[in-house]
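Structure incoming, see below.
Should a chain be cited, it is by its letter among A, B, C, D and E, assigned in written order, with residues numbered from 1 in that chain.
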Amino acid sequence: MELERIPVDVLGVAKTYADGTRGLQPTTLHVEPGEVLALLGPSGCGKTTLLRLIAGLESPDAGGRILFGGQEVTQRPVEQRGVGMVFQSYALFPQMTVEANIGYGLRIRGVAAAEERRQVGELIELTRLGGLEKKRPAELSGGQRQRVALARAVAVRPRVLLLDEPLAALDAKLKESLRDELAELLRRLHITAIHVTHDQQEAMAIADRLAVMSAGRIVQIGHGETLYRSPQHSFVAEFLGRVNRLERTPEAVRQGVLHIGGACIDCPMAWRDHDALLVRPEDIEVGPPQAGWGEARVEQRTFLGDRVQLRLRAEGQPPLVADVGRDSAFRAGDSVGIRIEPARLMSAARPPEGARPAAEVAPMNPQESAA
Amino acid sequence: QTAICYNCPTEWADWGTQLRAIKAKTGITVPPDNKNSGQALAQLVAEKASPVADVTYLGVTFAIQAQKEGVVEAYKPAAWKDIPDGLKDPAGQWFTIHSGTLGFMVNVDALRGKPVPKSWADLLKPEYKGLIGYLDPASAFVGYVGAVAVNEARGGTLDNFEPAMTYFKALQKNEPIVPKQTSYARVLSGEIAILLDYDFNAYRAKYKDKANVEFVIPSEGTIAVPYVMSLVARAPHAAEGKKVLDFVLSDEGQALWAKAYLRPVRAGAMPKDVEAQFLPAAEYARAKTVDYGRMAQAQRAFSDRYLKEVR
Amino acid sequence: MKAAATTHPRWLLPACLAPAAVFFLAFWLLPVLRLVALPAAQGWQTYLAVLTDSRYLASMLDTLALSLAVTVATLVLGAAVGIYLARHAFPGKRLLLSLLTLPLSFPGVIIGFFVILLGGRQGLVADLGAAFGLERITFAYGLLGLFLSYLYFSLPRAIATYAAAAEAMNLQLEEAARSLGASRLRVMRDVWVPELAPTTLACGAILFATSMGAFGTAFTLASKFEVIPITIYNEFTNYANFALAASLSIALGLVTWAVLFMARHFGADPTR
Amino acid sequence: MRTTTTPAPFLLSITLLVSLFMLAPMLLSVMAGLVNNYSAGLKSGLTLRWLQEVWEVYGSTVGWSIALALGCVIGTLLLGVPCAYALARSRTRSARFFEELLTLPVAVPGLATALALILAYGQLTAFRQSFAFILVGHVVFTLPFMVRTVGSAFQREELRALEEAARSLGANFRQRFLGVLVPAVFPAIVAGSLMVFTLSVGEFNLTWMLHTPLTRTLPVGLADSYASMRLEIGSAYTLVFFIVILPVLWGLQYLAHQVQKHHGT
Amino acid sequence: MELERIPVDVLGVAKTYADGTRGLQPTTLHVEPGEVLALLGPSGCGKTTLLRLIAGLESPDAGGRILFGGQEVTQRPVEQRGVGMVFQSYALFPQMTVEANIGYGLRIRGVAAAEERRQVGELIELTRLGGLEKKRPAELSGGQRQRVALARAVAVRPRVLLLDEPLAALDAKLKESLRDELAELLRRLHITAIHVTHDQQEAMAIADRLAVMSAGRIVQIGHGETLYRSPQHSFVAEFLGRVNRLERTPEAVRQGVLHIGGACIDCPMAWRDHDALLVRPEDIEVGPPQAGWGEARVEQRTFLGDRVQLRLRAEGQPPLVADVGRDSAFRAGDSVGIRIEPARLMSAARPPEGARPAAEVAPMNPQESAA
């Protein structure tokens, strides 16, 4: 199944709801043809608002423009935008069979019955729903429903696929396996897609690029790996994974170092004058006490299967969490050595409110509005 | 001291004044009650085992039916001998207190310039289309009285309702309103311009409510009907009930009826000034009486036939 | 999770049920059973009066037809208004909704009178007609008047029910249909109708039941169209014929109860 | 649910039309109750005399009707709430059968129910002639509405969990029923009460047979006044009905709304 | 707050529901005083049934016995068992404030108001709910509700604390942090507790021992680490984490080895004759191609933040998933070497139905019923 691939441009689009809530601050965004972009952020940050604006389910405040393939669609209602949508609750038509759900858009378009059957059959195969054609949504498992919703959305050969937390309703185990499946399917369809989620692993697994949102704006946009490793804001760092906050005394700041369990770590130039830095649990190396390493005591050890989580107490720092390999022999009460590669330290600074989103791949910005 | 009277509505026959007079003269409180005759009868039958009411006021045919059902009891009130025979049950199971004459109650304004109809035949004229009302003959006593009146006037008898049936069928072309209960107010408001109704309602509208209302006794004739009262069998307050019955037939009670334009059963009780407000006696000569017992018997068959044929 | 049979003492539930059961038994079931036995005294065929007497049969069929028509019309209009009110915010909406549902508490008599105020000879429509030089249009005493008055007391229930149901409707289903290109009409057919089906069934059943039993309205309007409650009333008051009135009541009760039962059987509870 | 700003001209016009149809008669009748002469219209001048007249003749029916409706609410609460609980928790065939029976008074014509009551209890004179007789009829008729409204609330899964939680904390039946379950279904109880009040206050079919001249209710009085009095008086009576019923209904609705907000999770 | 600590014994308890469903097969279980035991298993396996039987909310089939501290409680209703329960939905009384909820059990017991206030205050502190005393459940966040539910359950000083999926209603991020908090709280209370969940990480983080259930029976019981590393059934292995299934040809079985990407790995004695084995993604070592290692091609690379997931294709095996460090430089298309430590291999055998649960710490079994 080959679908059209177009770029999507959102230009200075903002949304103020009828009750005065600013659902989205003026936002500019470029999605490459065939790219999968994830909108990631905590609840209420405006992900759904942005997605619905792109879909045409909400109309933007005056001045905002939305282009599909360079063509303005701002005034077009959802029926005429040629988008496919997958909703969090899947929104499958409960009275229709799997087949009828998937073929719905085609029937609306007056596609002949035989042709509809053919195309639906193809999608059923693609989404591995064979044998379930005659079932109704209520008889399907969560994962099967999700696939029907996806098949229904792509059946009409949309130019843009929009997904609003398509995995949120599933339980953890199923989520993980469907995540990989969805990633694969999107890659196979090779369609321009925008995928909303608040689960960072899901975003990283599925999307080519991530746009991290907070309080109605995009705070950083880029590849998952870049964002995870070099977040430009503590918010992004915290949102993409667990972090430990490392405090620096005024003296340490003056010396350009960081004290931890008696050891002294050089601070990267960029964060020299910050009074706190961040480090991820898996970036704290834990070994037997040794020279040059900091000293710490294991307060708690939690076996989590693929890894062991240690809660450490090191002098001069709040409790730290370190993730170590699952064969780590350290137990609660042990004294251990810890070490942090300076390159792994991250900024704990909050950028000033209203700052322009930092973009790794600069979007083409014909007329970016003042934020 | 209370007596319950079924079918004594304040707004009908000026029961309101009568009830106040009863209270003043006998000390007995009689709460007003808005049933019609049929409703009162049904209630009496339903409550036969343990009556609520002490006395009841009924259209004569309903009283005859009540007698058959055994829900009333013989009582001869003080003025018994003044009531003409034929207007009372010989045993005293019911007796007339006053009577009315059926005719046309006409709201002249609502006719909007059309002439006041003078005869049953006039009502069939197309010019009265939409202006006529009569109470449902199958449902209200007044309605049945109207049917008997037109039947007699057009040559029928209590054994032959053919003329009435023909008449009502013809009348349907004029799209009459057929309410189930007294529609005095609707005539006053002009909703109904011509209503088959009693003289006393028309006079009340004309003299008390100062409406431009005329009463017409149709030229082909009509009937007069007695309204009667009875003591309810096993009445819970029989003593008070009897006092009430005595009062409504007393000089004072009868005068009150007359002032409400109901012809009192004791002819001598009619004050001259009130008499003057009635149509002249010559007109009333066209109002007949009928055998009310047979009128009661014929009611069921007539209603069934009316319901089947007049649609 | 399936209903868990939490361990209660055996007597507990019967004890909770007892007051209502005793009351119901004493003040409804036993008296009504006695009433049901009444027609037997006049011969068992009295029970079949509604079938054997063409007048009663006609009255029953007329009532059924009227109730059905009113139910359908009310459902359509009530759904439209309910959905609109649930969807759109405007000042005074709560007031309007409560005014629209107020007639739930009106006795039928008032409603009959309202229709006379609207469509009687002195009614609003006639006055308006006259003002525009037309003839005085009256419809209060005809079938239309009866229909409108039934509509009047049915609409509040439908509006309230549909407004609540529409409030709970899954907006995403509609958006999904639209994103697939569905027109408004298609959305109505494919999303609204199925989604509101249980509400429609439940509400329809209670509307139908109320219409079948409506007395005061028909009584006030007294159109020539005789509905079965009026027939029962006539038997009752004109001839004190309790047996026949009981027989007709049983027939009416059976029809109405059957409709309520069916609605519940198909998973919609009208009295809820 | 979110409200939308999408225009819906078709729905809007139906809504306007229906609102007009529903509200116009109310306005007309309020007006009719306040003018000197209805056929003459507003130019005959406004007056309160009809209201006054109604108040004199029928004033007592207002108080009794409200008392009756409140009594009916209390009665259905006392009988209906435990019954709803029992029906919600019991899955026996006989419970389902009883539930079915309970709805019968909704289906059977009021006239018949009333007749049955009179035939069965008419000879208990003191009872027959008191408002209690009407009350009994109203309770029988409104009970299914209360039972079903509250019963469906009791059936909610979270209610079972609440009850089990209370049990695990040691509460006996009375403690958990009054302390936990009843408060938790309070919104349904208020909704049911509102429904029962509404039905009782407007009930005519039953009441019409059950009342005696000493026990008249508002709807019975209304029927009287429409049947036999001036249009203006009937309308003024309707106005009295509005004036009396509206605040009570709105008060109850407000309460229901508050409770809903308070309990909304 | 010090609570009583008692052992709990479940002896041959089974449950057949009114509709004939066998919710629990005859089960015997011993919980040590003060121990936290997790009941873990997929949906419908009977976890809740077993918990409710212990609580006294369901009555067992004839023959089963339940002992609290050696004393038979089988016939006692829940009101008299002295258990504290935390429900999945929390079942907080919606009309009561936080305070009133926590104090409910005390009020029921007729504790004086002042004493109630004191004890509730203590619990509010313990569960860090200070400042929320007057709020109602609807005004609380999921995590706060969960803590109120816990405080309410322990306020009555139960002898056994029973928790039915207390974290299931929370979103992923919150769940992770509350998991650690709950573990800590339970350890601080040091009460005999039984905790139902279907999330293996949660079970491992919170419980001392895990009982893994399937189809109405306990299939294995023991410490998390033991179960994770040496599951005695493929079901347990699969349930506690992701696994790769490694196929063995009849020839490999004969030779007592496993072929993977051309390399030959010795099979541990115990699984010598099994025709399939299991290995966890983190137990597949991935490096540059080298002698003695198997050869594989990277089909897909997914960056997941704390690790990178590679989908590998190695000769003679179905696609494999390997979890590697987040700095792994391998990309899709690369040829890599893979190696598996034989000790990491696990059995893929399914035990015969109805087998007795394998128990690491053998429960005292006075009269185990026939399964």
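The working rule: contacts are C-beta pairs under 8 Å (C-beta built on N, C-alpha and C of every residue); 3 or more make two chains touch, one makes a residue touch a chain.
The structure displayed is predicted, hence computed values, not measured ones.
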Which chain pair shows the largest tally of C-beta contacts?
C-D
Chain located farthest away, centre of chain E as origin (C-alpha):
B
For chain A and chain E, what's the span in angstrom between their mean Cα positions?
28
Chain centre separation (chain D, chain E; CA means) in Å:
53
If you average the CA atoms of chain B and of chain E, how many Å lie between those two points?
89
Which residues of chain E are in contact with two or more other chains?
57, 77-78
For chain B, residues that touch 2 or more chains besides their own:
46, 189-191
Touching at least 2 other chains, the residues of chain D are 3, 38-39, 115, 119, 157, 164, 167, 223, 226, 234
Can you list the chain B residues touching chain D in their complex?
2, 4-6, 9-12, 31-34, 43, 46-47, 49-50, 52, 181-182, 184-186, 188-191, 236
In the complex, go through chain B and note every residue touching chain C.
36, 38-39, 41-42, 44-46, 65, 69, 130, 136, 138-139, 177-180, 189-192, 299-300, 303-304, 307-308, 311
Along chain E, where are the residues that touch chain D in the complex?
55, 57, 77-80, 83-85, 87, 89, 91-96, 104-105, 108-109, 136-138, 152-153, 156, 162
Chain C touches which residues of chain D in the complex?
1-4, 8, 10-12, 14-15, 18-19, 21-26, 28-29, 32, 38-39, 78-80, 82-83, 85-87, 89-91, 95, 98, 100-113, 115-117, 119-121, 136-137, 139-140, 143-145, 147-149, 152, 157, 160, 163-164, 167, 173, 197-199, 201-205, 208, 218-219, 222-223, 226, 234, 238, 241, 245-246, 249-250, 253
Contacting residues of chain C [partner chain A, same complex]
89, 170, 172-173, 175-183, 186, 190-191, 194-195
